[in-house]
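Letters A, B, C and D name the chains as they come in the text, with residue numbers starting at 1 for each one.
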Amino acid sequence: MATETGIGASVKRKEDARFITGAGRYTDDVGQHGQTYAVFARSPYARARLNGLDTSAALATDGVVAVFTGADLQASEVGDLPCGWMVKSKDGSDMVQPPHPPLAVSSVNYVGEPYAVVIGETLEAAKNGAEALDPDFEEQDAVVDLATAAEADQIHESVPNNQCYDWELGDKAATDAAFAQAHHVASIDIVNNRLIPNAIEPRAALGEYDEASGTYTLHTTSQNPHLERLVLAAFVNIAPEARLRVISPDVGGGFGSKIFVYAEETAVIWAAGQLRRPVKWRAERSESFLADAHGRDHVTHAELALAEDGRFLGLRVKNKANMGAYLSTFASSVPTYLYGTLMAGQYKTPAIYVEVQSLFTNTAPVDAYRGAGRPEATYVVERLVETAAREMGIDPAELRRRNFIQPADFPYETPVALTYDTGDYEASLDRALDHADYSGFQARREASEQGGKKRGIGFSCYIEACGLAPSQVAISLGAGVGLFEVGEVRVDVTGSVTVVTGSHSHGQSHETTFAQIISDKLGVPFENVTVLHGDTGRSDYALGTYGSRSLAVGGSAIIKATDKIIAKGKKIAAHMLEAKEDQVEFEDGSFNVADSNQSLTFGEVAFAAYVPANYPLEELEPGLSEKAFYDPPNFTYPAGAHICEVEVDPDTGVVTIEKFVAVDDFGHVINPMIVEGQVHGGLAQGIGQALLEHGVYDDTGQLLSGSYMDYTMPRADDLPSFTVDTTVTPCTHNPLGVKGCGEAGAIGSTAAVMNAVTDALGVKDVPMPATSETVWRALRNGGNG
Amino acid sequence: MEQSGEYRIAGPRMRVWEALNDPAVLVRCIDGCRSMTPVGDDRFEAVVAARVGPVKATFNAAIALCDVEPPERYRLEVQVKGGVAGFAKGTALVELEEVTTEETLLKYQITGGIGGKLAQIGSRLVESAARKLTASFFERFAVDFAA
Amino acid sequence: MDIKVTVNGTTHHLDVPDNTLLVDVLRERLGLTGTHVGCDTSQCGACVVHMDGTAVKSCTVLAGQADGAGVTTIEGIGRPDDLHPMQAAFRENHALQCGFCTPGMIMSAIDMVQKSEGRLDEAAVRDGLEGNLCRCTGYHNIVKAVLSAQDSM
Amino acid sequence: MYQFNYHKPSTLTEATSRMVEAEEGAYLSGGMTLIPTLKQRLAAPSDVIDLSGLPGMSGISIDGDIVSIGAMTRHAEVAASDAIPALAELAGGIGDAHVRNRGTLGGSIANSDPAADYPAAIVALDSTVRTSIGPIAGGDFFTGLFETALREGEIVTSVDFRIPDAAAYEKFPNPASRYAVVGVMVARCGDAVCVGVTGAGPHAFRATALEEALAADFSPGAVDGVAVDSSDFNADIHASAEYRAHLVGVLTKRAVARIG
């Protein structure tokens, strides 16, 4: 049913009414009578032994209610924070996972690691108490440099060489053989810079304990409250899930950083139980910089073997990935299964071999950040392809075209464990070239040169595996949890619909998109559909939001539940109309008996479902509420072509983005307005990585870019307006034919920007971020970056 | 953070050496130093009220003199705990060369760093602030010595 | 200390500690949680309100400095069924996603448009939003919204 | 924030005596630096003395070739004034809109942040800083990193700027904080050329070598070949001392080109 609010329409968002009037309800907006305030004491050292901790002065501070240390948690058998994905090394051995107590007990391993929590009647009292703590730290040399971390001091007793794992993927022998036959080998040495996620809402938690029932309630800024609950129940030992409710109300952005289970909410919910009083914590931005899991941080050598005609023969990647001081919740999967598996890109590279050594350093834990592994993979492949094109004198668009997997090749099995279901990469590239006016570039470059500027253009043809699921594949690759999603459709007595989804929305607009789907499928007015999410008390166990999965997996679960509603509705309609069930059809919101004029509206059937006057109860239950768990057979594979054009001021090194074109294939699009918005945001983060953002530690492990004074967030005047368009090859294996759009912008754009910058400068590489001084130096060094 | 430099001081080397080992002199020459108390052989505890612009904090510093070779050189190890502001640490290698019987060349090499909140939000100022503190010390020392 | 602030048209006499920030008066004392706190160095702009008709970061104003002032917050400019043109433009142009920066963004944008006398172009809007960080939208639609509200305000 | 006593005196005498009486006092003008510092607990004054209630401290007046700006005048007001266009441009580029709505001229220069914008104008324009005690020549005002010629308890009341024949301010903003990595104000008064530089060194200063070259030949080309000594320049993760020195040259040229 094509309507103004159905699938394909740019419906204005339901969420907006509260957000634009200040009526949003974020964790920090929730308060409880008698609540106390938590302040965490954090290590100022990157690496130190904690030989003692005198809490007496803190406890004696006015208004301090309690002080809890790592030892207190340990004594209470609070479990460690686990990592949920087992990765095995080349030799078959399990990855090495150091202990990760929520509060440090005897050593601290990054600046900002919490070692105690002080609870006060007021925030000020708690801060005063935290200052009165007297820790006895014995500083040790910190391991900061990723490139040399394996040879440095051993950080954790149980982790030789600071190595978490040494992983491989692909056929080494075949790849070596391909290189032996190469006409040309292009190689690059690149660094994927560390990023700090910086959702504008800082993390927060409010823990409550109800003594009478023994139940805990945790409000927190989580992208997946069910996973939070699972970890707190199964690993941290707070309480069984049935006595533990986790609520993520409105959440102000996540980008991955709010998927993980952190020390703070763990300590807060535990402390609430100890004190039998609500405990509230909200991160100050300075804490977010130190203690939110960071993103990226790879050092990579990569080589591409090409035949004389430019065909790719083989790809070899040797990568070091920084895990930070401890394994965060999904850290191990990011540089492996979300990275190595994407090295085929959009190309028919027949042989690929990827090695990844993951190392611990005395820095904040590193985990998934928008794109998670796939931006890093795209950066390797697309910088390498562009380098090869320049070295061989082939137009970079043409070189890509020669190597694209063709529409006829699908399903296409890559040499790195994935089977792409569908795509048309050339269609996206062609559209992008049109938007970018590629043929006019040379004239624009000359015009820039006449003005004393340098101009460059860069491409990035990315692919991502997203819609994260399928459980079967993920579990076989080491995932510790399933990756399905749940959807529940409750038809109310009067025919309005309440949808409960396990996906969480923190900007992605589920309340609108999912309502569109329901309205479209059931013919119920859009405004009569309400979507609930973010509360373990409301929905079945689910997996939440990450990896561009909400619509492809969560939306599909809802479709499945909706199909059950329709099936049940048919039964009810058949009963009411005294027809056979298989004669009833559902169309445009009514149940019709074939070849008759008998018909019932959806509302009439809904009402009848709850007024079962004469039901054959053996065959037909009352009610009209269905749920479904959806686990897809494969990932989805959004892909696209991004083109960036930059101008460089050689006097200062300032890079200006003149034009950015993104043409993406997300399969079917439910709400184009929302999808475009997702792309815009992703592009800003990808461009931010290329030109602005950098988590900088000094060689003693102090975070130098620890506030908005030094960490360059993209601002309105750093970015251009974007040209965004889509092509469509529907996903072949989910009911909506959708692929996911949340991460694409961040995955594709970074390489396009850096290819444009290096093109403008005429250099092989410039380290990210390409700040003005970096670019100025690259120019002065005459092309050696 | 590393710095080095030298000052010519009008005075015999032994007297310069003695001044450099005199807590009373050091208190006068360290900007904001409120006290310096000997706590053992070549060890002192100092209270320093440091100020960089709007930032004002009182630090407790532990100072140790190492590798003392009178009157030629010593190494000064300083550990500062600044509470909520973080910490600072530094090593100063100070050498005295006799230029003439009445003139001494004081050479210094300083390495140091800061940590915690100061490093996190004040990194843009670290170099300049350290340079200022160092310069201020040796300038005051030269003046104090002359007086 | 005793202060008098008129917030969204209602005058409040409050006794607050001397070290209270305006944002805490709004959020903690008056329950106006639409004004958000996103940083501690006065950069993100999530806390922007109008004080005597001018956009200020309420996390960087002491309660004492606001004594006697008229303050307007996001709650005071329009309701869901009676939106301010800037609120309407944000909705119409999908200029928000997670919504956390939105109140500050809208309050800044209103001040910008009011002071520009209709002369804003894209570059001026981008420049004027320098003090407001958004991590979701890439600013593209925010800029569109402000330009469109310029015509409707 | 630690606890403190907030005062809002209504006379200059009351303000300075509050400061004298305080165990440790801090003047508050716009609060754009002080309040974030207090929030981080990096300062613990016993008393915060708000200067916004002092009469006659705000506003812009012109008398002959002297523009007098009250110390409590907000940046936005200076940015909107056409008395000295280059100064208006400088003020219009400070921080962001909200900083300009609260921050003040007096607060900025009394703080002497090495990366603040106003100090470039104080040293480049023939200025006099007027205080609760007496006048201080603009050229003598900044003495070090966050240090000025102000004495204990002294309050800046206004600044007099002599209107130059022509002037321009060029700023290279820090991409994160929007402070000046380097800011250069070039001003011409008759045959004299003043080049005020902020952001580069521990405090704002006049680049005399550039001034001499430009006095001889006021053209962008005259800047080429003038070495900028960067030995005591600031360095941080955004810009090395060497790069800052380079920017001093580039921005000076651009300012000169705009003056024409």
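Everything that follows uses one rule, which is that a contact is a pair of C-beta atoms (placed from the backbone, for glycine too) under 8 Å apart; a residue touches a chain by one contact, two chains touch by 3 or more.
In this text the structure is predicted, and so the values were computed from the model without any measurement.
**Student:** Can you identify the chain nearest the overall CA centroid, using each chain's own CA centroid?
**Tutor:** Of all chains shown, the one whose C-alpha centre lies nearest the global C-alpha mean is A.
**Student:** So what's the Cα centroid distance for chain A and chain B, whole Å?
**Tutor:** Roughly 49 Å separates the two chain centres.
**Student:** Which integer distance in Å separates the CA centroid of chain A from that of chain C?
**Tutor:** Taking the average C-alpha coordinate of chain A and of chain C, the gap between them is 29 Å.
**Student:** So which stretches of chain A touch two or more other chains?
**Tutor:** 131, 286, 704-705, 707-710, 713
**Student:** Two or more other chains touching the same residue: where does that happen in chain C?
**Tutor:** Those would be 40-41, 43, 130, 132.
**Student:** Where does chain D touch two or more other chains at once, residue-wise?
**Tutor:** Residues 1, 3, 40-41, 174, 177, 236-238 of chain D each touch two or more of the other chains.
**Student:** If I apply the definition of touch given earlier, which pairs of chains qualify?
**Tutor:** After working through each pair, the chains in contact turn out to be A-B, A-C, A-D, B-D, C-D.
**Student:** Report the residues of chain C in contact with chain D in the complex, numbered from low to high.
**Tutor:** Going through chain C, the ones touching chain D are 1, 17-19, 21, 40-43, 45, 48, 54-57, 59-62, 64-65, 67, 108, 111-112, 128, 130-132.
**Student:** Considering the complex alone, what residue numbers of chain D touch chain C?
**Tutor:** The touching residues are 1-6, 8, 28, 31-32, 35-36, 38-40, 48, 50, 52, 76, 95-99, 101-102, 177-178.
**Student:** Touching chain D in the complex: which residues of chain A?
**Tutor:** Chain A residues touching chain D: 124, 127, 131, 286, 651-652, 692, 694, 696, 704-705, 708-713, 718, 771-773, 776-777.
**Student:** Any idea which chain A residues touch chain B in the complex?
**Tutor:** 44-46, 111, 131, 139, 286, 289-290, 698, 700, 702-707, 709-710
**Student:** Can you check the complex and tell me which residues of chain B touch chain D?
**Tutor:** Interface residues on chain B, with respect to chain D: 51-57, 84-85, 117-118, 121, 123-129, 131-132.
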